[in-house]
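Shown next, in structure tokens, is the structure this report addresses.
A, B, C, D, E, F, G and H are the chain letters, set down in written order, and residue numbers restart from 1 in every chain.
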Amino acid sequence: IRQGFPEVVFCQGKTVEQVATIVERLAERNKSVLATRASKEMYEAVRRLVPDSIYYELPRLIVVNREEARQDDDRYILVMTAGTSDIPVAEEAAITAELMGNRVTRVFDVGVAGIHRLLAQHEIIQQANVLIVVAGMEGALASVVGGMVDKPVIAVPTSVGYGANFGGLAALLAMLNSCAAGIAVVNIDNGFGAGRMASIINHMR
Amino acid sequence: IRQGFPEVVFCQGKTVEQVATIVERLAERNKSVLATRASKEMYEAVRRLVPDSIYYELPRLIVVNREEARQDDDRYILVMTAGTSDIPVAEEAAITAELMGNRVTRVFDVGVAGIHRLLAQHEIIQQANVLIVVAGMEGALASVVGGMVDKPVIAVPTSVGYGANFGGLAALLAMLNSCAAGIAVVNIDNGFGAGRMASIINHMR
Amino acid sequence: IRQGFPEVVFCQGKTVEQVATIVERLAERNKSVLATRASKEMYEAVRRLVPDSIYYELPRLIVVNREEARQDDDRYILVMTAGTSDIPVAEEAAITAELMGNRVTRVFDVGVAGIHRLLAQHEIIQQANVLIVVAGMEGALASVVGGMVDKPVIAVPTSVGYGANFGGLAALLAMLNSCAAGIAVVNIDNGFGAGRMASIINHMR
Amino acid sequence: IRQGFPEVVFCQGKTVEQVATIVERLAERNKSVLATRASKEMYEAVRRLVPDSIYYELPRLIVVNREEARQDDDRYILVMTAGTSDIPVAEEAAITAELMGNRVTRVFDVGVAGIHRLLAQHEIIQQANVLIVVAGMEGALASVVGGMVDKPVIAVPTSVGYGANFGGLAALLAMLNSCAAGIAVVNIDNGFGAGRMASIINHMR
Amino acid sequence: IRQGFPEVVFCQGKTVEQVATIVERLAERNKSVLATRASKEMYEAVRRLVPDSIYYELPRLIVVNREEARQDDDRYILVMTAGTSDIPVAEEAAITAELMGNRVTRVFDVGVAGIHRLLAQHEIIQQANVLIVVAGMEGALASVVGGMVDKPVIAVPTSVGYGANFGGLAALLAMLNSCAAGIAVVNIDNGFGAGRMASIINHMR
Amino acid sequence: IRQGFPEVVFCQGKTVEQVATIVERLAERNKSVLATRASKEMYEAVRRLVPDSIYYELPRLIVVNREEARQDDDRYILVMTAGTSDIPVAEEAAITAELMGNRVTRVFDVGVAGIHRLLAQHEIIQQANVLIVVAGMEGALASVVGGMVDKPVIAVPTSVGYGANFGGLAALLAMLNSCAAGIAVVNIDNGFGAGRMASIINHMR
Amino acid sequence: IRQGFPEVVFCQGKTVEQVATIVERLAERNKSVLATRASKEMYEAVRRLVPDSIYYELPRLIVVNREEARQDDDRYILVMTAGTSDIPVAEEAAITAELMGNRVTRVFDVGVAGIHRLLAQHEIIQQANVLIVVAGMEGALASVVGGMVDKPVIAVPTSVGYGANFGGLAALLAMLNSCAAGIAVVNIDNGFGAGRMASIINHMR
Amino acid sequence: IRQGFPEVVFCQGKTVEQVATIVERLAERNKSVLATRASKEMYEAVRRLVPDSIYYELPRLIVVNREEARQDDDRYILVMTAGTSDIPVAEEAAITAELMGNRVTRVFDVGVAGIHRLLAQHEIIQQANVLIVVAGMEGALASVVGGMVDKPVIAVPTSVGYGANFGGLAALLAMLNSCAAGIAVVNIDNGFGAGRMASIINHMR
């Protein structure tokens, strides 16, 4: 396995048949397989070949997982979102991290325009080992959270928004220009990449 | 007077001679004159013709003001900045508003990466009548403040930053996409425009 | 209520079920609810749960309003558009403001290429307390109106246009660079934000 | 002569020596030569070789003109600007047109934020044969003028402005998206091109 | 009539009903009406109300024309395209100009990559009074044609292309930066604007 | 201390006096101070007030460090560059990390166009605990390194390059779109941010 | 034949009827015809008129080929892709080159994040005469391959990716900024252009 | 030698000392060295250490060449420019190619706005083996030349121009979107890359 486990398939731009074939082949030789950006139709085709695969509709993930994940008990990755519309991307990150053996805690819909809702989560934020902050629109949540903790923050801009949002560009630029230290950024809507990065960091001893 | 008082000159792209002549002519017929983006050299030329003019070096303003401003005593415009480098733009806004007869309060260097420093100003923020939020880099301060008050917030993105800041674009897009309601935005580094807008609103009865 | 009244739901990017559930829950505890960017299908689902909700098709708003709005009688927000295609965004602004207890006057289709049609509305423009200017294409209406009044102008660029309009960017940049003072800008197509901002200002005493 | 008269040299990006040599050679064989974007230093070098050349400092033009221009007496090109800072570009256009045998009328500093100053020029605008509208910032003047006349309008965006002006992009996009018919656009700051185009049209019989 | 004749309707972004109503009203009071960017469905609705209206499918125009156009016999507008895919935009320009009483000649598919096909049209190009050059992709045709004639050239960039074409931006920038004089540019895909501009110029005496 | 140690000053956009005052004040109360993007002139002013401060010319850092850093002996942060021109940014990262108590190893000038030079460093790459990859131009180094290790990679795009590099945009986009997992990105030229992030991760136990 | 053989039709933006007619006409007079970006529906229409035409579904090509291609036996064009989703563009390049009489070798799915998979193809890369490198996302493959060979590399950025990929812009910029010499770039997704260019070079003697 | 001969140094972003040291070291072990983007000051420092080095001022190249180049006599690379201001980039390409043992022919200042000047060079264009087309502004020369020959064309956009040229973007996009086949593009102002690519192709047998 090139980059740890599990094997991962990026389904966007592939045909239903290609996805089914690839997942089947990988599922024969690996204990866990993750297929991202998979349509329901793709999952139907996969399930026929890999009956123990499951599908997460919101984050559009196909997961094969035949091993009880050894979860870290004492430390967790915190996945946060600014709004409800950011949840699909957040779930992509969260499930990716869980599949890679991490304990994941979710705190959704705590955007900075309601700062007290965010501060009410102070405890859970302080005790996280790694944080994934998922936000569209102005992407300001990453800066506020980054200033609250001394743990690494992975910021995920989302394409949620309209107008001068330009498909997530607004949040991306905001996160790259964050004046809080301890933040690094992944591609717009790249929940998988954030989950993978957070998992690598969380497993460091 | 077209748009209330005082007469305003935008010096950028004019020669020293042009600025001096225009300010002199306006100072003959008006009680107050404001020249923005004026170099020190411009001021030297103006002072020779208009001896009672004064110069603010940081915000690069020339001001002629011969009337005791009738200040609103009971209500103030709050001018806030995220960082120290935003102060010149903030002062352009503040002095503009003061010259137009407003009481102005300043709270500088309360960027969102240190949220508790910002929250410590809670009282002064809540009691403001109009707020001007000046921020470069990720421009997140506008969203947090916008969520704390029900008063109008004028957001001023600044060109402070580097790299993917793209001359203030990052902060501009963030402020336009703010998920807090009650925010409107002026051009990058446009402290004057913000001060003028805030003054108009603050004078509403 | 976080930011005054009513509670607001941004429907874009939410499922029909999510919207219906959220509006129902809010309608139980609030006198008025506003859901923006709602599809007809969303409204069908909402109406089953909240029978006294109504739907505005053009601006795609769902409104619950159980209280006779106390309208300001002596002052009004003027909502203007440059063209007919800007009306949906203008109505989002106007209905938002009305729901928040403002008297709203509409003057549509007075783009600057027919300057005399615009000047014919001189009276109604001069007497407005706050102005919302909605324009796509070159967005020039904001500058002309801004120069005519000393009241605050909220400019709303729209995505109406094609080619080098780039989804509303042309109007947005024009409005941000307006040489008239007393103008501030909200996001492209953000009628709601403009209505909200105008309402806050209009309620200032 | 490829494109009518006079011969034109674009000096930007050429060395002082190159400019001097080219202008000298052209002045030997032509009655008129125009060198655009010429520095004062370039003119010093040219004058030594071509003593009857003259220099316009603001628009940075070197002109050799040995023939009394036959001016159209009954029709004129109107060159208008929104602000004072647009004058250098406007003069590049005006002098180009004059050198090509056109009568030129200038109306400067009539930006749309002061619509009545513009309307006061109604007569002179109506009677122009071709119009050149030079404007930076939001570039709205082209639309208003375009709506007032049925004569061709050449719009010249300028790089005058700052922030979200992006070097003239704001005015360029505004002019391209103008909802007034009868407008065509040249490159940012391209006074020469506008003067040349207007001259061709003005000479049509 | 605001800007000469005929009355023009821009259908994009209007409903079928709106278009039908507007065209009907205009057709009652005017001899000619032009509706651009009209869908077939819109035309069906219009035809029921205005039976003598006709529809051009490729350029998506609805035309009402009850007057024999007085055509200029001695001078013509030449409409040229670089490729076949540019024809819809070219036809929008050509039919607009014809409706406004101009003789129009068409030369299509003479892109610069086959320079001899273009040069074979030398005669017809030289004798045109005004030229409209319609081109997508690299938009180079405008420069070559601009260098061949001393008549005004209206350049229309089209969105034909893919990849780094960015919706017509490539052709637009190329045309704005043309090193040939006597060229002015309209918005991407704006055949109507080009036809209108060319008509105004062609009617100058 | 808000975010661990040391206190950090961002000098860009501050005056010499401001920098000197701030560093002096911080040096009185802290054991270590880091001032980034400091000019030589700023250092001269600082040294007069804080004699034990030192200056790194290439990365333009002022450092005050009064405590023997407890270095991790068994694990190191690897700082890599693609070219020689990326070294100033890399040194900003490296010195930042060292000041925060990390062992740092440098491997410079191993761009992907000479893949064997890079592969020759295989051992040192494999054994790193955290990696910082600094690259301008096409920024491809991050992807290759990211594929070689299962440790976290912090990618720093630099503004090194010209033309379609657009001030570092090319490298930034490349790094954000990396197909290797385990990579996160900081702002263009943000060596400090990368060093800080790597340090936080390297200290995790 | 303007540019060697075969005749080529670019189908995008043409109607089914236009494509069928053009291909039929060309097939009457030429031994080979290539139609790019053709839909299945277009092929159905073509096949009825030109029964010996064939269709490649993935790269969307219609091919008429009545002559046994004289293949170069001793030298080949190598077509490489970074990922599976780049294959359609790669096949457009490969089939174009084959149709023009070149031997083509394919090596797909050797992206730089798995550098050893790429290096395993060392032999086949070294012995190629011309190389076409097709890659989306960060487009880094071109630089690595360009550094491995002294043969010409034609780089084809693809629009494969999402978010800050901006429709292939990320890969395009990366390839243009490659620090490896011997690389030139064609438009995003332009497999045809790359195949044509490689064929011209491969036929040089 | 990594990529054929000679060794190349990219001086931009290096100090005078670094350049001198690197060139000296390379000159000890190689017969030819090329240093691009070198300032005169850099050359002074180099000459002291490598007395037989020479300097080309316009293209800013330092060259060490101790071997009589074996020139191809029967085939030549043609380097063309659209304007005089493109010559520095063209010379960078030409001298690079000459140093690598190619015969180079120059045809400068044949922009497409004077198509007959270009066609007058028909013979010399037809007989070239590889062509380098250097053009700024609208970059149209590449398409016209590409349509005239069946030999490979390397297109080099330059940053010559102003306004909506955006530092060479206009020419770059035009060249990438060329409708002529047989064209590939290098980075803006990258004369070296074009010379290198053309040399590789020209040496193919």
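Convention: a residue touches a chain if its C-beta (ideal position, glycine included) is under 8 Å from a C-beta of that chain, and two chains touch if they have at least 3 such contacts.
Only a predicted model underlies this, so the values are computations on that prediction, with no experimental measurement involved.
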Shortest walk length in steps over touching chains, subunit F through to subunit H
1
I need the common contact partners of subunit C and subunit G, sorted by label.
A, E
Please state whether the interface between subunit E and subunit H is built from the same residues or different ones, using more than half shared residue numbers as the mark of same.
same
Work out which of F-G, D-H or E-H repeats the contact pattern of F-H, with more than half of the residue-numbered contact pairs in common.
D-H
Measuring centre to centre, with centres taken as mean CA positions, what chain is farthest from subunit D?
A
Could you tell me the distance, in whole angstrom, between the mean C-alpha positions of subunit B and subunit E?
47
Between subunit B and subunit F, what distance separates the C-alpha centroids? Give it in angstrom.
35
CA centroid of subunit A to CA centroid of subunit D, Å:
56
Using CA atom averages as chain centres, what separation in Å is found between subunit A and subunit F?
27
In subunit E, the residues touching two or more other chains are 2, 83, 113-114, 147, 163-166, 169, 172, 176-177, 180-181, 187-188
Those chain pairs that satisfy the touch definition
A-B, A-C, A-F, A-G, B-C, B-D, B-F, C-D, C-E, D-E, D-H, E-G, E-H, F-G, F-H, G-H
Please output the residues of subunit F touching subunit A within their complex, sorted ascending.
2-4, 8, 129, 147, 150-152, 154, 172, 176-177, 180-188, 192-194, 196-197, 200-201, 204-205
In the complex of these two chains, what residues of subunit H are touching subunit F?
2, 10, 12-14, 18, 157, 159, 167-169, 172, 187-190
Of all residues in subunit F, those that touch subunit G in their complex
82-83, 111-115, 119, 137-140, 143-144, 146-148, 161, 163-166, 169-171, 173-181
Touching subunit H in the complex: which residues of subunit F?
83-85, 113-114, 160, 162-166
